[in-house]
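Next, two complexes with chain A in common: one pairs it with chain B, the other with chain C.
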Partner chain A sequence: MSIRAFVYRLCRKRVCLARLLVAAFILFPFSFLLVLSFGRRWAYPALLPGEWTLSNWLSVWGAQAGLGESLALSLALSTGIAAVSTAASFWVSRQVAGHRYRRHWLLLAYLPYVFAPVVLAACLQYFFIRAGLSGKVWGIALAQLFITFPYGVIFFASFWTERMLALEQLIATLGGSTWQAYARVLLPVAKDTLMTCFFQLFLISWFEYGLTTLIGVGKVQTLTLKVFQYVNEANIFFAALASCLLVLPPVALLWLNKRYVFSRYFATKTPRH
Partner chain B sequence: MAFFIFQLMSKGGALSRLAFQLGLIEGLQQFPDWVNGQYGIGIIAAHFLMALPFFIILYTHIYQSEGMPALAQQALSLGASRRQAAWRVAAPALFRRSFATVVLYFLFVMGSYEIPLLLGSQSRQMVSVLAIRKLQRFNLGDIPQAYAISVLYSMMVIVLVVGLLRSKMQDPWKEYQ
Partner chain C sequence: MFLEAIDIKKAFGPEGVLRELSFQLAEHEMLSILGRSGSGKTTLLKILAGLETPDGGRVLLRGQDMGTVPPNRRNMVYLYQEPLLFPHLDVFENVAFGLRLRKLPAADVRKRVMEMLDSLELPEQARKMPHQLSGGQKQRVAFGRALIINPRVLLLDEPFGALDAETRASMQALLKRIAETFAITALFVTHSLKEALIMGDRIGLMQEGRLKVYGSKKDFIADADTGVQEELAFWREVG
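So, the complex of A and B:
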């Protein structure tokens, strides 16, 4: 083997090793929590739990742990909030885009997003109590809209370009109504952007803790609340299990996003010779 | 991420156990206070690990979209060293393009609640944790203090956002009308 070939193979091996290291670095937190979720009795200074069991995972749907209920509630809440926020912010961002003070509106949209959600919740808590929404699922849904909706408006800011205006004008010139413009052209064109926005808003709602705790006053037990509850109870195995459950839907969404949205996006962007 | 760092870096966590097995420490009391300590090392580690992938993706995207490879090549052709091309050409351009995102991320970290709640010190609290702890106390005198902290924090954020982003933020609909 020549020196050049040897160096080339060594470099290839180093690249492979670096990739493996990066993959291990990314996967380590998930695998660590997964290992803990199957464990029991982890006395110091043992590196691994003393006992391995499936009972933690089997108890997900048990009434005692209530993890299944929390998972279903979190899924329903986050899906509903993401759907409503995506639809509303898409329409509102169009109105803002055409407004003469659009820059000021956009700046205002940044504010609830950059506030700490928990501080925002502290400021709004009084009104939620007076409205009878404190401790209710609807109250949490409304409170989370305060952070997801502006994020959606900011997200769609880059969508309403000159090309979109030209499309709208073309539809109007050809006799199409506003409804037809949305239903037949704008929504199909924005399908991938809408999907990405939906995923991101789902994630914001899914991982929300502080605002949910304050407005829900601990009565609405989402999965993030469960994690903190188990941590406070020093039940690390159930906390790890709840963390794994918390990670699973975002990973599934990421895979779906990559599989169906990004691949299609890049396929349409790739020049064909 | 907070729970992972808690289990990894606390006195009874995985790193402490590993240090014991390697003979670096003789007991968990010798392991440093990385979690719930006064320097907030656990908080920094958690936010760093959370921000790392995001900023890698962001800067990779900006690097490509701004034509940085061509700019760096031009700098090298004009006699700059690799270090100069990186620090005096690419870095300022990358930072200028990402300025708004960095400021927003700074505000996000400053107002974060879950991570400092789990990994922070009990004596020196971050602003969101302090405000909520005061709000949840039974002493009625603490509740107005919580609101005062929240209002002060909000005002500071407004000043920062308006002051820093107003001049830098691009108008995405500049050519719309």
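So, the complex of A and C:
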């Protein structure tokens, strides 16, 4: 074997090893959580839990833990909020893009993030109590819209370029109504952007803690709140189990995004010869 | 008169872009409008298409006031410098777009689109996506998409501005040919003196928000404001 071939093989082995190490480093916390979720009775100085059981997972849908209920509630809440915010912010961002005070409207959209969502929640809490929305699922939904909707508007601001507005005008002169412009061109062209925005808004809502705690006053138990509750109780096995459940939907969405958005994006960017 | 603009006024802020601009356009005529950047050429075309609202004046099409007619009911297609093809549709569907909006039968759409692609020398490109086409091919598809709906007026805003010299010349020839074939009524905006002379049946000069339309190309060439005399003097000097 030549020296060059030897060096090449050595480098390849090292690259493989480095990749494995990086993968292990990333996956370790998740696998550790999964292992913990099957454990019971873990006393110091044992390296692993003293007992392995499926009962933690089997109790997900039990009334006592209420994890299943929290999972269903979080899924419904985040999916609904992401869907409503994506649709509304897409339309509103178009109106903002064509407005003479576009920059002022966009500055307003940044406000919830300038103050931080939890500060915004503290400001809004009084009004939510007066409106009877405090401690209600609808209250949480409305409060989360205060942060997801502006995010969507900011997100889509870069979509409505001069080119997009020109496309819309061109469709009008070709005889298309506003509805036809959206249905036949703007929505299909924006499909990937809409999916990415939906994914990001889902994540914002899914992992939202401070605002949900303040407006929900502990009565609305989302999955994120459940994780913190178990951590505060030092119930590490159920905290691990709740964390596993918390990670699953984002991972599924990430896979969907990778499968249907990023792969297509890179396919269209590949130069053709 | 087929198309008539009467005392059109438009200002953006304190500065007037169009100042009591008036002109007439006969049916099947192509009027070249020559003007520098920022002279208000694009604003004029957008007002005619209904994409901008004038501050004053009227646009008449066959005597009908277009003031309250929305852009999608005017049947006046505005073409940009960029072809603006729909990126998710192939060439066939891009050309068929206007017919699909009008919900024509599929067989009719197919027949008319294939005829249009033939006349634009693009039949082999029918199933290609826009990113697989050259600049000239994209512009031809954009013409086909506009022409297939038989627009009453075609508003061309420097359509060859982004093309190289060779492609530009062949596109000018192609547009002249299809303008005759389809008996197009059009306004062709350009900042190129040569292009204005090649493309227009008549020529207008846009200056300080007003449009001066010449009776003949000779009148246009003779006018010192158009810059033709300077150009001719330059070439004589070089020669």
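The criterion applied here is as follows: the second predicted complex is superposed on the first by the 272 of 273 C-alpha atoms of A that agree within 3 Å, B and C clash if a C-alpha of one lies under 4 Å from a C-alpha of the other, contacts with A are read in each partner's own complex, and residues count from 1 in each chain.
Simple rule for what comes next: contacts are C-beta pairs under 8 Å (C-beta built on N, C-alpha and C of every residue); 3 or more make two chains touch, one makes a residue touch a chain.
Here the structure is a predicted model, which is why all the values come from computation and not from measurement.
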{"item": "Simultaneous placement of chain C and chain B on chain A, clash or fit", "value": "fit"}
{"item": "Partner chain(s) touched by A:227 [first = chain B, second = chain C, both, neither]", "value": "first"}
{"item": "Touching partner for A:46 - first (chain B), second (chain C), both, neither", "value": "first"}
{"item": "First, second, both or neither for A:188, with chain B first and chain C second", "value": "second"}
{"item": "Following superposition on chain A: angle at chain A, chain B versus chain C, Cα, nearest 10°", "value": "100"}
{"item": "First (chain B), second (chain C), both or neither touched by A:163", "value": "second"}
{"item": "Of chain C and chain B, partner touching more chain A residues", "value": "B"}
{"item": "Superposed arrangement (fit on chain A Cα atoms) - minimum chain B/chain C Cα distance in Å", "value": "12"}
{"item": "Overlap of chain C and chain B interfaces on chain A (superposed complexes)", "value": "none"}
{"item": "Touching residues (chain side chain A, partner chain C) in the complex", "value": "163, 166-167, 169-170, 172-177, 180, 184-185, 188-189, 268, 272"}
{"item": "In the complex, chain A residues that touch chain B", "value": "26, 29, 32-33, 36, 44-47, 97-98, 100, 102-103, 106-107, 110-111, 113-119, 122-123, 125, 157-158, 160-162, 165, 209-210, 214, 224, 227-228, 231, 236, 239-240, 243"}
{"item": "Interface residues, chain C side, partner chain A - complex", "value": "49-51, 70-80, 82, 84, 86-88, 97-98, 100-102, 131-132, 145-146, 149, 155"}
{"item": "Chain A-facing residues of chain B, complex", "value": "1, 3-4, 6-8, 12, 14, 16-18, 20-21, 28, 49, 53, 104, 107-108, 110-114, 117-118, 127-128, 131-132, 135, 146-147, 150-151, 153-154, 157-158, 161-162, 165-166, 169, 171-173, 175-177"}
